[in-house]
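What follows is one structure encoded as structure tokens, with my remarks underneath.
Chain naming follows the written order as A, B, C and D, and within any one chain the residues start at number 1.
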Amino acid sequence: MQDIIDSSVVENENAARLTGLNRDYAALGDKLGRRGVSIDAIRDKVAAFGIAIPSWGVGTGGTRFARFPGPGEPRDIFDKIEDCAVIDQLTCATPRISLHIPWDKADPQALKEAASRFGLGFDAINSNTFQDQPGQRRSYKFGSLSHTDAATRQQAVEHNLECIEIGKAIGSKALTVWIGDGSNFPGQSDFARAFDRYLGSMKAVYAALPEDWRVFTEHKMYEPAFYSTVVQDWGTNYLIAKELGPKAYCLVDLGHHAPNVNIEMIVSRLIQFGKLGGFHFNDSKYGDDDLDAGSIDPYRLFLVFNELVEAERREAPGFQPAHMLDQSHNVTDPIESLMVSAGEVRRAYAQALLVDRQALAEAQEANDALMASEALKAAFRTDVEPILASARLKAGGAVDPVAAYRASGYRRKVAEKRPATEGSGGGIV
Amino acid sequence: MQDIIDSSVVENENAARLTGLNRDYAALGDKLGRRGVSIDAIRDKVAAFGIAIPSWGVGTGGTRFARFPGPGEPRDIFDKIEDCAVIDQLTCATPRISLHIPWDKADPQALKEAASRFGLGFDAINSNTFQDQPGQRRSYKFGSLSHTDAATRQQAVEHNLECIEIGKAIGSKALTVWIGDGSNFPGQSDFARAFDRYLGSMKAVYAALPEDWRVFTEHKMYEPAFYSTVVQDWGTNYLIAKELGPKAYCLVDLGHHAPNVNIEMIVSRLIQFGKLGGFHFNDSKYGDDDLDAGSIDPYRLFLVFNELVEAERREAPGFQPAHMLDQSHNVTDPIESLMVSAGEVRRAYAQALLVDRQALAEAQEANDALMASEALKAAFRTDVEPILASARLKAGGAVDPVAAYRASGYRRKVAEKRPATEGSGGGIV
Amino acid sequence: MQDIIDSSVVENENAARLTGLNRDYAALGDKLGRRGVSIDAIRDKVAAFGIAIPSWGVGTGGTRFARFPGPGEPRDIFDKIEDCAVIDQLTCATPRISLHIPWDKADPQALKEAASRFGLGFDAINSNTFQDQPGQRRSYKFGSLSHTDAATRQQAVEHNLECIEIGKAIGSKALTVWIGDGSNFPGQSDFARAFDRYLGSMKAVYAALPEDWRVFTEHKMYEPAFYSTVVQDWGTNYLIAKELGPKAYCLVDLGHHAPNVNIEMIVSRLIQFGKLGGFHFNDSKYGDDDLDAGSIDPYRLFLVFNELVEAERREAPGFQPAHMLDQSHNVTDPIESLMVSAGEVRRAYAQALLVDRQALAEAQEANDALMASEALKAAFRTDVEPILASARLKAGGAVDPVAAYRASGYRRKVAEKRPATEGSGGGIV
Amino acid sequence: MQDIIDSSVVENENAARLTGLNRDYAALGDKLGRRGVSIDAIRDKVAAFGIAIPSWGVGTGGTRFARFPGPGEPRDIFDKIEDCAVIDQLTCATPRISLHIPWDKADPQALKEAASRFGLGFDAINSNTFQDQPGQRRSYKFGSLSHTDAATRQQAVEHNLECIEIGKAIGSKALTVWIGDGSNFPGQSDFARAFDRYLGSMKAVYAALPEDWRVFTEHKMYEPAFYSTVVQDWGTNYLIAKELGPKAYCLVDLGHHAPNVNIEMIVSRLIQFGKLGGFHFNDSKYGDDDLDAGSIDPYRLFLVFNELVEAERREAPGFQPAHMLDQSHNVTDPIESLMVSAGEVRRAYAQALLVDRQALAEAQEANDALMASEALKAAFRTDVEPILASARLKAGGAVDPVAAYRASGYRRKVAEKRPATEGSGGGIV
């Protein structure tokens, strides 16, 4: 397994932080020990928790107004794999990449080799029927899997079938389907008929799923359609998973809900009814902002993980959620954002592991709302950074991934060989 | 059948408006006729459309800050029935009353007689486990049907069973269940266990439903619980209806959703999956504001009716929604608000009947978003007031119910016999 | 003045609708006459009401996910002027174009000639510092007028000064400034310092305004920045206008507010404090959706116009708002959407003119909330289409602009000479 | 100064926690010391930070649906003062009480003596014109300071003048004015005239302010009025403070904004323009939920304090905000909630004090969004509980206030002498 960042750089950076880390780890271990919690056991659980990186996440993102690329933008999927390898080398938290087709289309064997060179594998594969591609016969302007025109639906189905084939070739075990279908005007779309057509198309996709695969459907309240979307919320998403069958699950993107919605409760419901497929982690203040996970409302992320840890403990049937980041890095170096975000997801997991579940359950049973709240907050306010850092260090990564990355000069180096790209005006012309 | 308002008052008021109404009706008839639409047929459909009045709606409502009663507040359910009779006499649109137990508890025979005297019947009966009642053994402070304590759940179940008994005695055919259960703190409630307990309780209620009854469960995003509610949205509501069985349906209150949510789409989904039970009509700008139907966003109300008329046309299986107002009249005479609101609901229905459904379907099929939108807007902007007024007039009601009501002096008269009530400070002490 | 659409096409289409229009106009005139309102007077007021077309609006818009162009996309500002001329020829409602620099940069003399050929003039000129332009020395990735770097701010100021120069040359009388400046992370930007820098830059721009010009600043809650924006709401916008001086006014885009915000009240406040500059009209369900005006919540648009008509009546000091559409036409022919939208704006104006202001004022004074509401709703539900159509017809336009446009084959014809353009992936690739 | 809770109880509870506290404090001191930060200095700053308790907060709150009182509800202001004394004894964080008139009306001398017995003083005094009071001549049903009727406005003004008189007698230095004025229907209120009337009334109140007083006006988006409120947002609030004069400031209640609004930015703007008066701290998920501070989104609370600490550092002119809790404790013991909430406010303050402001400023200047974000998050994730506990301990309070309170049996004891109160149905009956 090949390192991208010179290991001596990482070692130097780690060395400078070792004393501090050891003292903080010991102090936290002491504190947790008083509660009868083993810090090492927590650390090991965290170390085993992997988050998938979306291939598109390593490029600079943009809005409909503009995209401002940074230096050294990846030119193709192979550059992207290298960037992902940097992330995993330093964080030891992101062993899999999630591809987007056709953006990442390439020879499957070459993809596998490129990834395995860095010890990376492939997560769920993502289809794309929200954009038109050169050479495509029918446009998705008015929809894809739910289009009024049968041939367009068929084209979209076939694209998903092709994604499954690619996924099989590279070792994926799941297909993620998010569509942009919807409407911009009341009346434009007949809700019931559009949903019927969508279900019909998805049944054709579902039929082609290999035995050991799952399909994740993703709901979203709005954007790119601004009056209605075909898969608008978890209620519709649940209906889809139910109609399709046991291999169909719901994917939750944290930024795809109405304002104020209690997302952790949706997570709980989907777990309870056996249909939680996984997550697209990110954070949001207004809508599908695709901001870095945990950057806006870290307590909300923790509350989601509180549900996941509880489900793990109860061994909820069919519970094996997929964890992926899905963010748009418009003003940061994408590699840095992804490293930090993977850390934030693990942080929420670590904090959730620290919840005193017996105290919580007793407070709930006694309707002691204050103590129940305190049980969560006590875990949340624990500074688990020493746990995260120790997990990275033990796995051969960096105590401080961003510092090591900056010290390595990676971005500067790739900028020398990857040509500068121009910004774009987004969708507004 | 007894009149409450002196019929000569109504006749005088109608006489003053007859010429205008006839001219406007003729002009609209001419216009619709050019499209091949019979105004009389529309008028007759509208005349057959009844909306239930909630008994509590005829009293002045309030907020947690204050309640400012008006003169002549009804003292009990018999006063309320009289007020409802006024509404139906003038609008000929509200033939049924929906009772709330224990607020309206009384001898069933007396209730039936009081109502039938005015030609009124009873709609769905509403249970109340969101308040404690004098003499009650266990408090609902921490929940009712989902309470952690089995005896409290049992008490809540029994209250619902009692409601069914009362309903049977007065001729209701449905039970509406809305609970205030939820939590104010993350951690206070275990989402999954609370929902399990709720389902257990509701199964006991469901088991007691007579053969020809339906049960309507109502979702609400927040209030009185402000972090989570047990039945938070239509997704959860659908799961309930599905778990309970074929007599269980979802009730949609227009004000119970997250900001920006596309409610007409929820209506469509529930119709499509056979679980739309009915409506609590009102309007809202911010939350469960319980404002008068159609007063804030009349186009949204129309879009809901567009779904209903379409479902009617398609003869969607199991489609027979109940229509009820549920509003809080804080600054108006409740009788006036209810008369106007019943008119607004009928207005939306009439407008939806005017949609050129063939043109709409063709535009949808052709992805002609502009023409699809225009098909709805053309119907919406039709001033159907002559149709509504004619339907009332033909049925013996008032061309202008508010004018007739004001001319009658009803409020002044009841204020003489009903003692003034004091305002209250609501829930904030 | 040159016609783009063959006048015989318009005449044919009009002829087919004349009888119906005359009957509907007469019927409405009769009805209004009973209230003492002259339909002709209303019609003439409406006919005098002009809405500016944004040059960018005639191209197909998109999102960060994709843009799906239609046939015959305008190649440059001269094509755009032709498309605008079509809109004005058929609606007689849109006499001015609002340019966006540098998108529309061209020889000013040529611009003036191109426009005047069709009887068109130029409205406010729009600067663009939310995108990087080829050849530009400094990037706006991290802001423009509020950038931490003085030279970048200076570049943005100079761009605005250039816009003023261009505007002077073509006869504009106002500059509209909207910036994308803001932040995506808590901490990224120091709110106070950023606002100070913005004010400093705008003072430099303000200093260059000709005596008879106004500057409009535009607030927006979010997008493209997703944690904070520098000019986030009307409160900040007001502070800007106040700091800058008497030629500075606030521009209100209907889609730029938080969910549930009462926009008509903001309009009222800005009028009351002498700082309402004008509007970017559109509609929205979720955010800055840039949907067609009046397509989602027509009553809200009416309520805004209710404020405008009232201000007109009171002769509020400094009240002379600019009216412009600002929409993104993603799924319709932009020309059709703009014609319909201009009609919707006029519709709201006409309805607001019909409000019985004495009845309204009396109801307000008497706290008769129901009658006050009815005064507005009675006006709103009046079908004023005959007034709008008659205004167009009298001015030489089309009774039904979309029908005439479709009959003309304009889009097909320009598609023959304007080459097909490719879709784009927006900002996310 | 008298203790309410037996000091031996507190000492026992503290003793059991001393070793743990000392170790955690030392470990945190070590960690902060590595950064050159003195933990003792932070602790002393925190210890000097006081939060006012609203008198009404010690009673159980409710909603419009119900209020479920707990045992030992305070019977009057003197009971409330005792409850406040408990809070301050254990937290040493809440030295002042904020009264609400007429709820807390009593002989001023008796009030002063009751409070000073426990070392407590009085904060801002709150007027109440959102409820009718027995014996009051005119109703506030349709408004108070902005009522259309001059005599009603005068009555509301006089009530505020009386509040000032009471405040003078008990040592308050500020008046807080929140009104429920607004409307429930479009048209009900003329926005501009209502605001004019409000300003006129407030000028009369302002004129009566003593030289060394301030007046705080409070904005709120909705509730109890559900279409519009007279003081709807910070923009209007700023206009008020500006119109009134230098003693007028804006009060920010964290729950009074539109969904998604960036509140910390509003705080920054008000500081920058010299008009931030202070806070009503609480938390919210949906609206004015009045949940416990920091219970829903602790990072948001921290971001507000980040602004406050920065303003303190810059010595922003006129910056001396008042800090008060304003919560509705519906499901907890109010004393417990207030103790925890005061702790949460201090927690946010302590975390904000730990922000490395130089690193932050440098990252901002360099547009290093990631490092700027990390500067805030590193401070936020520091577990400052040892600092808070040490500040309490040093001042004579409890290491764990809730544990000490529960051990003391205070609630049980007062429940013996304070009679049980009945629940109420709120405003909906």
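Definition applied: a residue touches a chain if its C-beta (ideal position, glycine included) is under 8 Å from a C-beta of that chain, and two chains touch if they have at least 3 such contacts.
The structure displayed is predicted, hence computed values, not measured ones.
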Considering only mean CA positions as chain centres, point out the chain farthest from subunit A.
B
Look at the interfaces B-C and C-D and say which one is made up of more C-beta pairs in contact.
C-D
So, in whole Å, the Cα centroid of subunit C is separated from that of subunit D by 42
If you average the Cα atoms of subunit B and of subunit C to get two centres, how far apart are those centres in Å?
39
For subunit C, residues contacting two or more additional chains
141-142, 183-186, 188, 221-222, 227, 259-260, 262, 285-286, 292, 295-296, 299, 331-332, 367, 369-370, 373
Complex contact set, residues of subunit B against subunit A
141-142, 148, 183-193, 195-196, 221-222, 227-228, 232-236, 238-239, 257-262, 264-266, 268-269, 271-273, 299, 303, 306-307, 310, 360-361, 363-367, 369-370, 372-373, 375-376
Taking the complex as given, what residues does subunit B use to touch subunit C?
20, 23-24, 27-28, 30-31, 34, 259-260, 262, 285-286, 292, 294-300, 331-333, 336-337, 340, 347, 367, 369-371, 373-374, 377, 380-383, 385, 402
So in the complex, the part of subunit C that touches subunit A is made up of which residues?
56, 59-68, 103, 130-132, 134, 139-142, 180, 183-186, 188, 221-224, 226-227, 259, 284-287, 289-292, 295-296, 328, 330-332, 422-429
